[in-house]
Amino acid sequence: MSQSRRSFASDNVAPAAPEVMAALGRVNQGSVHSYGDDPETQRLTALARATFETELAIYPVATGTAANALALAVLAPPYGGIYCHAAAHVNTDECGAPEFYTGGAKLLPLASPDCKLDAHQLDAPIAHAREMGVHHVAPAAISISQATEWGTVYQPEQLRALSAAAHRHGLRVHMDGARFANAVAHLGCAPAEASWKCGVDVLSFGATKNGALAAEAVIFFDPELARDFELRRKRAGQLWSKLRYLSAQLCALLEHDLWLRHGRHANALAARLAQGLRERGLRLMHPVEANEVFVAMPVKLVAALRAQGFEFYEWPAPRVDNQPIVRLVTAYDMASADVDALLAAVPRA
Amino acid sequence: MSQSRRSFASDNVAPAAPEVMAALGRVNQGSVHSYGDDPETQRLTALARATFETELAIYPVATGTAANALALAVLAPPYGGIYCHAAAHVNTDECGAPEFYTGGAKLLPLASPDCKLDAHQLDAPIAHAREMGVHHVAPAAISISQATEWGTVYQPEQLRALSAAAHRHGLRVHMDGARFANAVAHLGCAPAEASWKCGVDVLSFGATKNGALAAEAVIFFDPELARDFELRRKRAGQLWSKLRYLSAQLCALLEHDLWLRHGRHANALAARLAQGLRERGLRLMHPVEANEVFVAMPVKLVAALRAQGFEFYEWPAPRVDNQPIVRLVTAYDMASADVDALLAAVPRA
Amino acid sequence: MSQSRRSFASDNVAPAAPEVMAALGRVNQGSVHSYGDDPETQRLTALARATFETELAIYPVATGTAANALALAVLAPPYGGIYCHAAAHVNTDECGAPEFYTGGAKLLPLASPDCKLDAHQLDAPIAHAREMGVHHVAPAAISISQATEWGTVYQPEQLRALSAAAHRHGLRVHMDGARFANAVAHLGCAPAEASWKCGVDVLSFGATKNGALAAEAVIFFDPELARDFELRRKRAGQLWSKLRYLSAQLCALLEHDLWLRHGRHANALAARLAQGLRERGLRLMHPVEANEVFVAMPVKLVAALRAQGFEFYEWPAPRVDNQPIVRLVTAYDMASADVDALLAAVPRA
Amino acid sequence: MSQSRRSFASDNVAPAAPEVMAALGRVNQGSVHSYGDDPETQRLTALARATFETELAIYPVATGTAANALALAVLAPPYGGIYCHAAAHVNTDECGAPEFYTGGAKLLPLASPDCKLDAHQLDAPIAHAREMGVHHVAPAAISISQATEWGTVYQPEQLRALSAAAHRHGLRVHMDGARFANAVAHLGCAPAEASWKCGVDVLSFGATKNGALAAEAVIFFDPELARDFELRRKRAGQLWSKLRYLSAQLCALLEHDLWLRHGRHANALAARLAQGLRERGLRLMHPVEANEVFVAMPVKLVAALRAQGFEFYEWPAPRVDNQPIVRLVTAYDMASADVDALLAAVPRA
């Protein structure tokens, strides 16, 4: 009998989906042109255009950090500023990759209670920046995470208002979609409705956390922006010579909406988990709208769960009622039984 | 009946080896810790240490450009200079990746007739640099390709003399080993004899051209040099969250010396090809010591071969007797029949 | 009759001191070696060593932004983090110069009520950074302003505690001393007591705001740190060929402690101004310890003063009782009468 | 009796001209707005427009390296390539400043016998770059020195042909005019004829070598190019708060064509020197068209001159007839007697 899946540490501890592995095997035939001049990469563009119902340019890379940093390097000059939430992955978890790729642009962190930026938050800092002139970095872009780092999801109208504000100020909009699948699954809308129709200029489309082995895509909804992207990708050592293997992973996930089914599955497990924890008297820190559950947990319970092999991170957030905040992440490959096993280990209050 | 392999354009048009694909399948089981804290990555270190018979630190990345650029960023400060052959891949084919990763260090190209640097070539430019003081970038490293870009191979005594000269001047030695397998196969020596025992400080160990799907490794023979490497790798978006899939490819190639068998196979085919071309009266431009054949070819023959579906690049080199120089690359996945098919298309002089 | 000095906008609207101009004239004789191999630059080192009572390396540059950015580039690698106050000049007023010079290091802003960092503020963020490992930039340095951006001054014991905390964590200490003269004048201590004896590793010693035409100095109290500084300075276009003219300005200010007399003078005027404003019922936002006065001022008064030709900036800070915060800066070249003229224009409450 | 001027090492060993010093004194009056919002800086723009007979944007900085590097950063993206002569100052003497300021763009050195680039030299390397696609840096600009590093001067028709070739390929044209005054003096044409009318997009207008204390200007003949320049200048620590002192130096040189008179004077002395050396049987290496004389000199003579206090550099060039190549530079502040003193020390053959 196989061991239940006990790691709720991250969706990146999961293996790759069978469909992804099969796709790798399928394209592993004969010689093809390198650096993207291959049928699978062409197929990826077609699939992405169908998925998003628009012309677009899509570029596969291997990591989310690369996708974000490359996208931001296109949007912001070295002397530019990028507004983001203080907790944004680009600001806290990428060891300065955006700064590296942009040549030193500055992330300008903003705060909010739900990890979303609000359209009204931009006016004051941008007005201040303009007034400061050459002494302040030039506001160039905003970067938002969808789903957010706290497992919440922007509603389309929130995105529209935010993008409109950004564009009104001449800023571009980047979406870190490491968990875009979870967000779209939650919204139940078309991918287009959660991206370019809301004013997103560039999307980091995540796949690694959602069933790929290592694959993300930078999607430009404004092809003009993509003009020099390929040079940047090459220069960053992010262009695979055997690009078919990156494209194949993304194709496998886009086909038959596997990416969305994965997202829905992980979301449902997170909802089940949240519900169970709530019933057991634990306090959830944020609405559970994607596949992450943030919960205040007594220190003793943290230890007890770990003793039973459960894995998860304490979040770098202030304690609540002297309880650390714990993050529990579900993934496409988990089963209800995995969630129930954890819940079973939490005593009813 | 399967089509013969007609592309001699590059060793990166080849698919991945069955052993590599099998390894991916093997590690595609259950959840493991991300970012390298997994058994397969530990196994890689052990295998690499056994292969090179020494303590070392090994870091897998997905592309050769990334491996080279990361290695050079460790060896050279932003105000540093890196001597290399004018034709070095780092100088001509990576869209400035070394400049990007180092923060603007300068590649200082040297010329030579066989694409190798010579120990005696370093003294004069380094003396000049020292004399120039702060006006000249600070000599920091040399970068050499083994096998070279022209398919030749440094002999161990050449490497030893070169490294000794570099070290005497306080410079570090980087080896771009995109085709290290072909070089070692040619030399018939232990990998250690072609690397750290000859004074190589950091090796970009190539695997993508040699049967991997996308995998290279940066190998530090001096662990002290590796101190901050992991931060640089992360910051460059080169750290896979699911690192097991990168490590697995490298393990598959290191196990049972598959990488060397691949190198020997490709070399043998190149030798067969060179011999056949020579017999047909064509002029080879360089000794064929690895898996690349550079040959002067009448324009008509170039056209005729292409008309039959053969693929290869004209090399950016001056014509010889009004004939363009053509590069033909063999690979681990080709068969003698593939070589013979091309030779059959070349008329006897 | 000459117009009174009506600009309180900044200490950089002032001209250069007569002693500085005289020094330029004095060194403007004959040919001397360029790039710092000249007598005046040697004299500067001697004067600085006497002033700070220690061995040190001193490098003149033309702007404070250059001094800060070069200093930080020595202390922090591209993947490093630099803790500073959120309001630090390096964080808010230099258009990303530290990010540019460091190659993308990250300024990590901290908050405090008096614009000083506190020794106890470092532990938690550094512990968090260590825990995050490669995902977080590597804590490398702190940068503090003395006097601070809000016109307050660190006491030596505060500096000692802060430096000790930084050093305990392996971080280096940079002091932005654009107004170091004002700080030392306030403290009434020896320059050594306010710098290296308190653990400062590198000091940006400001002169432009204090009587120079354009001159600052980067002072390394640990010569080992200075090792590659000259290469960085040259590479940044900050090495003057006719360096004597930069050194002469600094020499003129260091001789006979002119810099300190200037600092004391400006401080005294700021104290007089603060006292007068307080007497007129205005609310000061911070203790006035250097040459800057931050005061909440009714909108009508702001307009009235401007109508009379007085110049000053509204500060980017939240209003107090609906009054904007105004910054008034005194300088070495102002007279009591200039301060009194402004006070005369402020009605008694 | 004053010592004759015995240093022929560089034009930057000279002091500043009396007119420049006087101008500094003149603007050293009262408080003015900082960062360039001052009358002297406005006057500079007017003077420069009159001098060049066109609309232009002019930005003063303190060093030639800064001027060149900032200009190139505007013209070339980080993934760009900049063609220049192998001996160009930007390529050999600036410690990688262009690489730093551009974020890692690549200087692509070309060779020629007279240190000038030729219009026909560009086609082949650019065609090669285009063919290489993303693997090659994107050709973005050419940088030419006028006068050249070897004391020769481009004729206007040469410049026109070169610029036309560059523009035809979509490249911009930068001119390093550290010795632009000497070049224009030699050509005897209007400054416009030697710059924008010949297709120069950006000029580094040198003044430090020509009588300033420390002043150069970046001049954009296409104002659109200047759009973000001020942000780059600030970010580089190259924006003086008391900008009047930089502008005043440039104004003093532009007024009444002092810069040109200086250039003509230095050129005349170089011609006199060259003639004298030739008469004494020494071999000149290049036509003497500006203020630099390159001459092959017996080792004994080199030593004898140095023993008498003459200073100059041996040039990093191959010896001729076993004689080192020596560079002798004249300057605006030298007298005929200084040249004659050196000639008197050279025995007639």
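Brief remarks follow.
A, B, C and D are the chain letters, set down in written order, and residue numbers restart from 1 in every chain.
The definition used in the following text is that a residue touches a chain if its C-beta (ideal position, glycine included) is under 8 Å from a C-beta of that chain, and two chains touch if they have at least 3 such contacts.
Keep in mind that what you see is a predicted model, and the values were worked out from it rather than measured.
Of all the chains, the one whose CA centre sits at the greatest distance from that of subunit C is B. The interface with the greater number of C-beta contacts, when B-D is set against A-B, is A-B. Averaging Cα coordinates per chain places subunit B and subunit D 41 Å apart.
Separating the CA-averaged centres of subunit A and subunit B is a span of 34 Å.
Counting partners per residue, subunit C has 78-79, 94-96, 100, 103-104, 134-135, 137, 231, 234-235, 239 as the residues that reach two or more other chains. Residues 35, 77-79, 103-104, 133-135, 137-138, 228, 230-235, 239 of subunit B are the ones that touch subunit C when the two sit in their complex.
The part of subunit A that touches subunit B in the complex is made up of residues 3, 5, 7, 9-10, 12-16, 21, 24-25, 27-34, 61-70, 94-97, 100-101, 208-209, 213-214, 231, 234-242, 245-246, 333. For subunit B in complex with subunit D, the touching residues are 78-79, 81, 92-96, 99-100, 102-107, 128, 131-132, 134-137, 316.
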